[in-house]
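The structure under discussion appears below in the form of structure tokens.
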Amino acid sequence: MSFELGPVSPAGARLVELAEKHAAEFAATADEHDRRGSFPFAHWDHMRQSGLLAASVPTELGGLGVGTVSDLVVAVSRLARGDASIAIGAAMHLTAFWYFARLAAGEAAGAAEGAAEGAFGPMLKLLLRRCARGHVVACVAISEPGTTLGWPRTTARLGNDGYHIDGRKAFCTGSPVGTVFLSTVRLVAGGGGESLGFAVVPRESAGLTVLDNWDALGMRASGSNDVVFSSCRVPAGMVRPSGPLGALSTAMLPLATVGALMLVGAALGIAERAQELIAPPEAGDPGWSALPAGRALLAENEIDLAVGRAAVSRAAALLDEHLGSSRSPKLLHALMQEVQCVNVAVKRAAMSIVDRTLTLSGGRGYLTANPLSRLYRDVRAGPFMQPFSNLHAFEYIGRVRLGWDTELDHEPRGGSG
Amino acid sequence: MSFELGPVSPAGARLVELAEKHAAEFAATADEHDRRGSFPFAHWDHMRQSGLLAASVPTELGGLGVGTVSDLVVAVSRLARGDASIAIGAAMHLTAFWYFARLAAGEAAGAAEGAAEGAFGPMLKLLLRRCARGHVVACVAISEPGTTLGWPRTTARLGNDGYHIDGRKAFCTGSPVGTVFLSTVRLVAGGGGESLGFAVVPRESAGLTVLDNWDALGMRASGSNDVVFSSCRVPAGMVRPSGPLGALSTAMLPLATVGALMLVGAALGIAERAQELIAPPEAGDPGWSALPAGRALLAENEIDLAVGRAAVSRAAALLDEHLGSSRSPKLLHALMQEVQCVNVAVKRAAMSIVDRTLTLSGGRGYLTANPLSRLYRDVRAGPFMQPFSNLHAFEYIGRVRLGWDTELDHEPRGGSG
Amino acid sequence: MSFELGPVSPAGARLVELAEKHAAEFAATADEHDRRGSFPFAHWDHMRQSGLLAASVPTELGGLGVGTVSDLVVAVSRLARGDASIAIGAAMHLTAFWYFARLAAGEAAGAAEGAAEGAFGPMLKLLLRRCARGHVVACVAISEPGTTLGWPRTTARLGNDGYHIDGRKAFCTGSPVGTVFLSTVRLVAGGGGESLGFAVVPRESAGLTVLDNWDALGMRASGSNDVVFSSCRVPAGMVRPSGPLGALSTAMLPLATVGALMLVGAALGIAERAQELIAPPEAGDPGWSALPAGRALLAENEIDLAVGRAAVSRAAALLDEHLGSSRSPKLLHALMQEVQCVNVAVKRAAMSIVDRTLTLSGGRGYLTANPLSRLYRDVRAGPFMQPFSNLHAFEYIGRVRLGWDTELDHEPRGGSG
Amino acid sequence: MSFELGPVSPAGARLVELAEKHAAEFAATADEHDRRGSFPFAHWDHMRQSGLLAASVPTELGGLGVGTVSDLVVAVSRLARGDASIAIGAAMHLTAFWYFARLAAGEAAGAAEGAAEGAFGPMLKLLLRRCARGHVVACVAISEPGTTLGWPRTTARLGNDGYHIDGRKAFCTGSPVGTVFLSTVRLVAGGGGESLGFAVVPRESAGLTVLDNWDALGMRASGSNDVVFSSCRVPAGMVRPSGPLGALSTAMLPLATVGALMLVGAALGIAERAQELIAPPEAGDPGWSALPAGRALLAENEIDLAVGRAAVSRAAALLDEHLGSSRSPKLLHALMQEVQCVNVAVKRAAMSIVDRTLTLSGGRGYLTANPLSRLYRDVRAGPFMQPFSNLHAFEYIGRVRLGWDTELDHEPRGGSG
């Protein structure tokens, strides 16, 4: 008996059930994909077909109609129990379509300064419908080495035939199956003025290349390749201004906030899987259970899991309660701060949990053949994720608490991210 | 803006509002009571009068009719922001009356093997009514040095005129105003057989002495004196058998579980108060805020607070959802395990939070005149509380997770607790 | 059997033996002085008489002739086992006289830009001789609320009759018996230029007042009062320039470095005492030892003690090996950085150790009557001590490692320390 | 400038210089061997040829004549900076030959109950000479899944033609080049009585098979294969009784103690390497250095390194001072306890250090191409190593402190190690 997280709505219940089925499939191949660093195309196909990737698409457009962050994050945690490499890609896609559905539903329309108008509006509906038919996978392409989210070096310059985008994005999870790439860009005006922009770039765009260069410690089946834009042309309507450089605009904050929490869900799922592997309920008493020190480590994991679940659950509930169509920077930053608190805490806890299962394994978990050794590597990816990595999160959280401006006032030096 | 815990029901809203008013009063005298080690009789009188102490008494019996653990624990956390010494006493009283109300309401009646019958039933109603009129304060008298909850050394022997109780209890919080003492006893049968019992002892019972010997590092205004039973006579109906020694019976588990969580609420309140004192929203930028290291410490506190609130909130919700009238040992232990996880985590976090505020204070918090120095001592009381202290919690949590028996198989040695 | 730290020289052996005798005396009164917040004049008298306070005075001037930091820090740790409030005062005095002896011995004389000349030179010898006769106690008066070591607000202005000093110092440990006060000052030149200065102020100086206002969480018998300078006049030779504001000059660095390590010794002594109290070797098996969780906590303490002793010992040995008469800023900062690393680590460990003994005590340690409750408060003083508190230490250590300038480029804002 | 550990003797200085040269070579191939999981035969050949592997062989027998643990452990830490997979193999070999040299030198001979007599004595000298010529590599084959050091399941039965050994050892680091395998065995007497034994098994022994099955998370170039004994025959003189099962005999304790500390040296070397990679002194300011949070993480690493070096250094010095020829169980366990304290602390610190460098890398360290990703996996091997893993260390340390018997009173259950 264990009080795991569950769905909060009937649509969510269908989603979580789906996610559990997928996870069972993922689990069977996770170690092999990890070893080979191969991308699990088949599993992604299944997720397109099952409707999971259309979770937040309204039912009238053919989706599951899941309307809450609470349900989505639980689904991501379930997927991560099977294979976290897939779960983080799905999380990003689901976040994007949560956002598109929100825009399309017009909940935010009024406040969004005409967001759904022009070329963007119809595109949204089309995207949602195509997603429901399994034809779209959104891939988030925002990270760049040596800079932070608010200061992209990838430029977008408006010409007669739309925007020309140049630059290189890294850690583009799910890129092998991405059909549309969501990117932050630096809008360069004719006069040289610069601002932040947000681009939606179809895969078939000329000048877009998805590399095959992902080779990392963990999350090896995530296809987190680099994506290169070389004079990549996209229609003007696919690029939207997002305020000054260095700042998270009120339009972007909900997206970034929900996206961050979804990835926390993945970390939780990894931790739950590790605990299940080290002490499978059906398997009687593992050897280490004879040692009080072993039981104490198990208990520390139970503590971290209980608290981690609560943290994810409350943050999701707060988002569902407060996000609404608000564009109050104060509220939006308060929500992001809450999510960042949970982000730091749960990813830290997840790493500790997996580490303790390795200790409990008595050396077995250190062997490549043991899935714990994969989880140990996968879970370490958590704290790197944008926004904010552990190098930036504390400063952000502290500033919000002090009521200070959270915009970084200057661009990072080029040396490193 | 901060997502503090709030009530979940209208009755809870009234309770929390009351608690906040009391807390404001407590705060004004907390340091003085701490310095002098004096007991805040006036504040207790106000709590009797305001109806706060009758929070969980049904409205038809004159109480506030708060029916959820969720609301009660929030109220305790608010009280603790004012003075934790009072909050922990109130927590114990509120727990007792939550339990009495539950018994009386007959929710648990059927399953409780006739719990509300005989002398016990009418006594309950009477207690509840008297509580609503502000005439009763319940004081928990269960701790004994050198042993654990399941192995009391205080004995109760049945004679012709009721039970004779002999022994000494320690850490009896709120004892100066306690009108009725709830004690674990060792029932000694005529033939010498021993089992666990639970006694409700009115203050006026012959042979009961409340000492005035509480003098501790913190919680100095809590009146956690020793209570001595010397051939103390109580009517037979006031003592109930609770199963074998060393075990927490299914009848006792809900009481112990809710009681534990209520005290976690107090720890949370202390931590919230410390954070408020070090960075009062209205006070501009404290000196330390100029240091990135200062902002990072503040952020760590925000993280611990966010997670702590979530943990308390989810545990309370799980109790409200699952406790019901269940007497399934498996479920009850699962709930206790969840609460113990939260107990360890939140008290640990609360201690860290207060510690960091001391660091932020730059030495000022170390001065007696600064309330942080009191909070630092008060918050340290948390991990000692029964059941389970940090010496026992991990073993309990681990055993529940493994599906093992949680009963301790032998009595602690006398040396120490 | 336990590998405690020991002396490294015959003179050190005599010193440590003395320190152990004093510590045994201190221990008998420590709780009472703590409770009353009284100053242990008698113990200080005994330390003057025994020669302990003249530890580093050369034998030819009547002292013990202890020449190493290694021996001094061990002696401080022994004193702290008895009463840390006294040990930290002794540590500061011993550091001052280690420094005076070093100056006087002329080891540093040549490099010290005429340090021992003029009024300062003879004063040093006199101080040392008078110290050997038990007539001098040096009291460090450098802390000021709201600022850091390098930016004192206490001013010294040169007039015809010497310097006039104005300002207020806090945390002046040992002030009730201090005969000479060592203070940082802000030298204000006629033209308004400001620089850092170091003043030696005799107690009998007009305009110097030692308050009786020390009332703190712990270290209650340390007499760490405020000292007020009000147009306090001292001869010109008693104030020495120490370079620009905000910087630790090469002349001050050895003093500050050794002083910091000596206080780490006190933290170690507190921790050793706590471990001894919770598990006295002669007392058989304490009750908690029956619990594996208890033995694990004891083991964590053993780990922290073993590592803490090693850290103190190696840092002292490095100082003894490298300090010599070097005035290389790079070397001096490297040594200070090493000491700061040890400072953070050992004080952190000491707090954890005492905290664990409280847990092991099962609640008894929380009672005022139990010396652990005093140690818990005393040990918390450690991280506040100058230079650097935990708010500044990490930045300093990081900058030294990066080869950056360690001078703070602007004055702290006034709000807080 | 940094106070790294250095040699304490002229022979040690030569050894450390050699180790640094080897490390530079190792570093060039470490990532490739890691990726391929290949064994670095060439580097081992070079260590045979350079004399490094004969470090502790007396000069008169052709070795370097390094007589202290202090020097050996520094050398191991240097090797680990290059490639920890090689360093741990070298550590085990060097430990074995430190022990053989000690036995041979007769320092322990008298006390060792005739240890150097019979077939064993001449064998020792031969081993030492052959080692000096680079013909011997000792491989420690003691671990077995599902049991602890004191309860091997590998049996040795005495027959007419010597012992027959049957069983399987795991984690036999360096096995691809091992020429002689040092194994714990369960001596089974004719009558069925069982005791602990220690066997020295030449590689060419019939019935010994070194598998090629090492495939793990890290330490991938260590060749830590399984070794299978199948009716493996060794001369009677090559197997020595070592007391009852479950206990570490006084003869084995020095070997196990020194061996444990040597492996701590490897952990230290990994950590030093990670810190050097993230902040190479010659490389100016890395990007993260602009962030105060980055400098704080660097500082935490400096703290852990300073303390870790001190801990290793003091433990080694204590071994050099006290090991002598003592066979006092109390002293030997006190030394082992000290080493275990250092073992837990330094390996824990080393893991934290590498983890922080990953954080500082901003994601780059997570890429396979970055050596930090290898160090992150390598350093995790530390806490598994015998005796005692983190599942057993705390209990051992606690029992020694309490003066209790440290022998495990029953055999571990089979489920796990």
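Details
Each chain carries a letter (A, B, C and D) given by its place in the written order, and its residues are counted from 1.
One rule holds for everything that comes next: a contact is a pair of C-beta atoms (placed from the backbone, for glycine too) under 8 Å apart; a residue touches a chain by one contact, two chains touch by 3 or more.
Keep in mind the model is a prediction, meaning the values are calculated, not measured.
The chain with its C-alpha centre at the largest distance from the centre of chain A is C. If each chain is reduced to the centroid of its CA atoms, chain B and chain D end up 51 Å from each other.
In whole angstrom, the spacing between the mean C-alpha positions of chain C and chain D is 41.
Our note on geometry: chain A versus chain D, Cα centroid distance of 42 Å, whole angstroms. Chain A has residues 285, 289, 292-294, 296, 394-395 in contact with two or more other chains. A complete topology is adopted by the chain contact network, contact being made between every pair of chains. Touching chain B in their complex are the following residues of chain D: 292-293, 296. Within the complex formed with chain C, the chain D residues making contact are 1-3, 279, 281, 285, 289, 292, 294-296, 298-300, 302-307, 309-311, 313-315, 318, 330-331, 334, 337-338, 341-342, 344-345, 393-399, 401-403.
Across the complex, chain B meets chain C through its residues 143, 145-146, 170-171, 215-218, 285-294, 297, 358-364, 366-369, 373, 376-377, 380-381, 383-384, 389-392, 394-395, 412-417.
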